[in-house]
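Note that the chains take the letters A, B, C and D in the order they are written out, and that residue 1 is the start of every chain.
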């Protein structure tokens, strides 16, 4: 009706502002943040976007590099490299699709990790084992072939002869179960076992349901507070942990509020409502109904099991 | 803005029509269907509504009786009695709240079952054990104290001396796992074991997130096709099974489409959009994004465990 | 010392008698019964033994055919064919070992099932899902690709075009959980869905710990009362169910009493004790300590998961 | 026959020697070690034994205090206090039995912990979550009400007003899953979070099947290498962790070798065999058959669930 291209753009910028208003990042994916900008071809200063599509495997890899503070401010994410692997077949139950995805994940972990040969790495599976969509991290840890204890027992000659990595792993649990921040548990373990690299695995929240169980984000920035399924954790990055940190995340839920808000915003923008009206209505909706609810596919138990296996395989390929 | 009482009413009636358009019942709760009517005080012909509120226990019991075909048509549900127990504390983790709710559930099962003393009853826990919010039925069955085999072994004198019921139980699984309708499995078992009463337990879909894990519906109409978490099952009622059937259901999910549609409709009605615009927009939204997604609270794994225990206790009270 | 060939033989025959004395079959494997006879080369009337060893795959297949009642009496097992596949690598975690075993299992199921093409088959996963070593049957069912419902929906042309079988599956539970014999549940379902063949999957008790998770027994005799992990179930065979029945079993436990008794017997035989002394001592031992205990490997949870997957694959190969 | 009191005693001392020969402690219970001494009334120098029996609750409490190195050498256990609560009803499914046992456990934890009010305590649930009888520790942790994070957020005033403890908890996993010793993980976490007391929870191996799931051992000596279900862990005690350590253990398995050996020894002793003969035969038996097997009751999955809940309740009573 009253909608036109111009108001539409206004709406979109209101949307970004609103993200801050609500103090809640609606997505953990740098790629989705990038997409909220009006036009994919517009260049954001300090941010580089590179894309690659393998048609045969139906795997798309996007690399967002946030080069400087200006880019970090625009994106609302720390400086660093964010690699996003989009593989719609990751959610398929046909296991033959998973091998190429495993290789792709392993390739990009190596790209960020530098030389992985024999490197002492600690894998941390974040999240709550008892909450299905949050159990990705713990389930990945369950499937790893850890080797650190073997090398400590049999020595470095043994390690070399068997071309073995040096991998340890832990599921630090969530604060409501342990009374400790994941960052405290990990800092303690790192202090004791001195790995050269930490890889944190976590279930993420996405903005679009299309991303659920189809997208892998790998970044050298670690994890910032407030990420994950609505939990407040302290940061897990080089600064807080004192070693290099790679974060690997897969979106397994969309916040129910997000899905409602996004649909409404799209509609209201199309109809030409002004920013204030949108904000107010959405605020009322959220107050009223859908706090602490999330949207997830019906087969989430099965998906988490399968995807965690794929991620474990990739890590085993790099470090076992 | 342009909204007024009249258009508002139009919207609401469009909503009901639309339910049929999409061929998808958005709620399995008779009470929620009743609530979609414009005004709670309006009398629907053929439908009786009775309410009871126990302030101390914070338990509200609503009884909807659909007396004739006219009422059935208006409600889109078969004739019969629908008892809805609303107990917000059912979702609390404090176990002391659960005992009064157990008693309340047992009381209304008995009201519909008639004389329960020593009655041969088969409990059927519908749903998919591997899908958390759909596992309510199987988990209820896991907690029952079945006695049928004891009575067959030790005789009716033993039964009377121990004031024992005669309960058997089965989780018939879902069609995707068994290749059989739950109705086929149950018909077979009923043919072989000849219970006098079947009670089917099922996870339901609600329309409002407030109902999730707080509401118990007990009805003597059994279960009609399309109920539950979006699965197509054939009817489970006296006609199809050949014995009395009571269905006990608890809403554990809201369809993601429902939550979006309801919020949008509310908004559009408020704004005075006409029926056709609403229909078209919502149709587009559904096509686009959120098929096969559901909304569920974050602690659903834990809730299902606790609530299934409460329901089992109520059944044990009646029949064990 | 005092042991000699003669007393030794006496001991062995006492052993067989004792099996009856205690009324407890110590093994569900026909092959192990056959082995209790003094000398593998001795011919038992009415019983044929054939062996095959594939050195490359390290798989040994023994076929025991009990041809007549005399053989059945000698063996304490019903007439029929018992195929035992011994594959030590079945318990290995290396998945590459499992494919050849899958093929072998499928081959012998087909040998007993006759023409499997498009055959209506019902798989029954016996046992208690909540007791790890008894969960083999239910876990096999969880991994099957059932098709019966698809064929009912899309017709036989669809079936032929996709070279599809007609498989349904059920976990009937155990009597303590359902109040019904597995045989009652299955008879009911068979009456309703009319399969041409039933395959029952069950965890067995073996006599030797070497057999645990390494041996598959496939027989066309079904299952007789008292088999499995000490549960009393009524027979599941052609006579009781009214259709052809194949039983596939894998030993997952040894009764604790068995392991103690066997070791003691071996020792006492070696020492030349007479039958009566042995019987009396073993009787005392059993009374005293180890009722209702079983022996199982430490990694049983993991083994059951892996082996059930292998069996499911074999069944999918035959019937999906 | 040839057995007499003298040979019998010889046998027993051979048994103790043999324990060292095989390098495998057959029991983790100080009480069972104490029982291997010929006669309960004989005083072992440096070891004090005190017993208490509550007939109403059917709970027996034995306290073994190893006062000096002489006692430690005789017992093969470190100096300290070992409290053993024997409660046959702990394995019952009737929940009403569990409340008095909870109180008893809480009482003796407090006895060893000294002042528990507001004390910063870290609970460590040792063992492998994926191996049922070894999952006691992780399951105890799952049921705790941790509070440390609340106090850090809301301060000590909040803590005092709510009479709240200061409890944190972790399941450090097993070396095969993490590549790290439990002691390394705990040392790291202790370094970071500085608790005043660590309580380690672990599944133990007993010698007698009567002790399974009926006995709780609480000791201020922590855990020594080689305890638990056959895993080699480094010590968890005040010396290795740098803070006070209480260990709470419940026997959930008997090594299969132990049950066979004990029965054989009893028999051979009765028959008057000499030490060397016994040793040799048992050595052969162990080589041959039953490595890495354990004996466990059939309902172990259910028992672990229930008992872990009871232990959690006791800890919550002391520290939540």
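Please note the rule applied: a contact is a pair of C-beta atoms (placed from the backbone, for glycine too) under 8 Å apart; a residue touches a chain by one contact, two chains touch by 3 or more.
Predicted, not measured: the structure shown is a model, and the values here were computed from it.
Sharing over half of the contact pairs with B-C by residue number is what counts; pick that pair out of A-B, C-D or A-D.
Of the listed pairs A-B, C-D or A-D, the one copying the B-C interface is A-D.
Look at all chain centres (mean of CA atoms) and spot the one farthest from the centre of subunit C.
Result for the farthest chain: A.
Rounded to the nearest 5 degrees, how far is subunit B rotated relative to subunit D when their C-alpha atoms are superposed?
The best-fit rotation has an angle of 180 degrees.
Shared numbers divided by all numbers used: is that above or below half for subunit A and subunit B, i.e. same or different?
Answer same: the two copies use largely identical residue numbers here.
If you average the Cα atoms of subunit B and of subunit D to get two centres, how far apart are those centres in Å?
Each chain reduced to its C-alpha mean, subunit B and subunit D end up 47 Å apart.
Mind checking the centre-to-centre distance between subunit C and subunit D? Centres are C-alpha means, answer in whole Å.
Roughly 37 Å, centre to centre.
Once you find the CA centre of subunit A and the CA centre of subunit D, what distance in Å lies between them?
Once rounded, the distance between the two centres reads 41 Å.
Can you list the residues of subunit C that touch 2 or more other chains?
Counting only residues that touch two or more other chains, subunit C contributes 130.
Touching subunit B in the complex: which residues of subunit C?
130, 141-142, 144, 146-150, 167-173, 175-181, 184-185, 187-193
Show me the residue ranges of subunit D that touch subunit C in the complex, using the header's touch definition.
The touching residues are 130-132, 134, 208-210, 212, 229-230, 254, 256, 259-260, 263-264, 267-268, 271, 281, 285, 289-290, 292-302.
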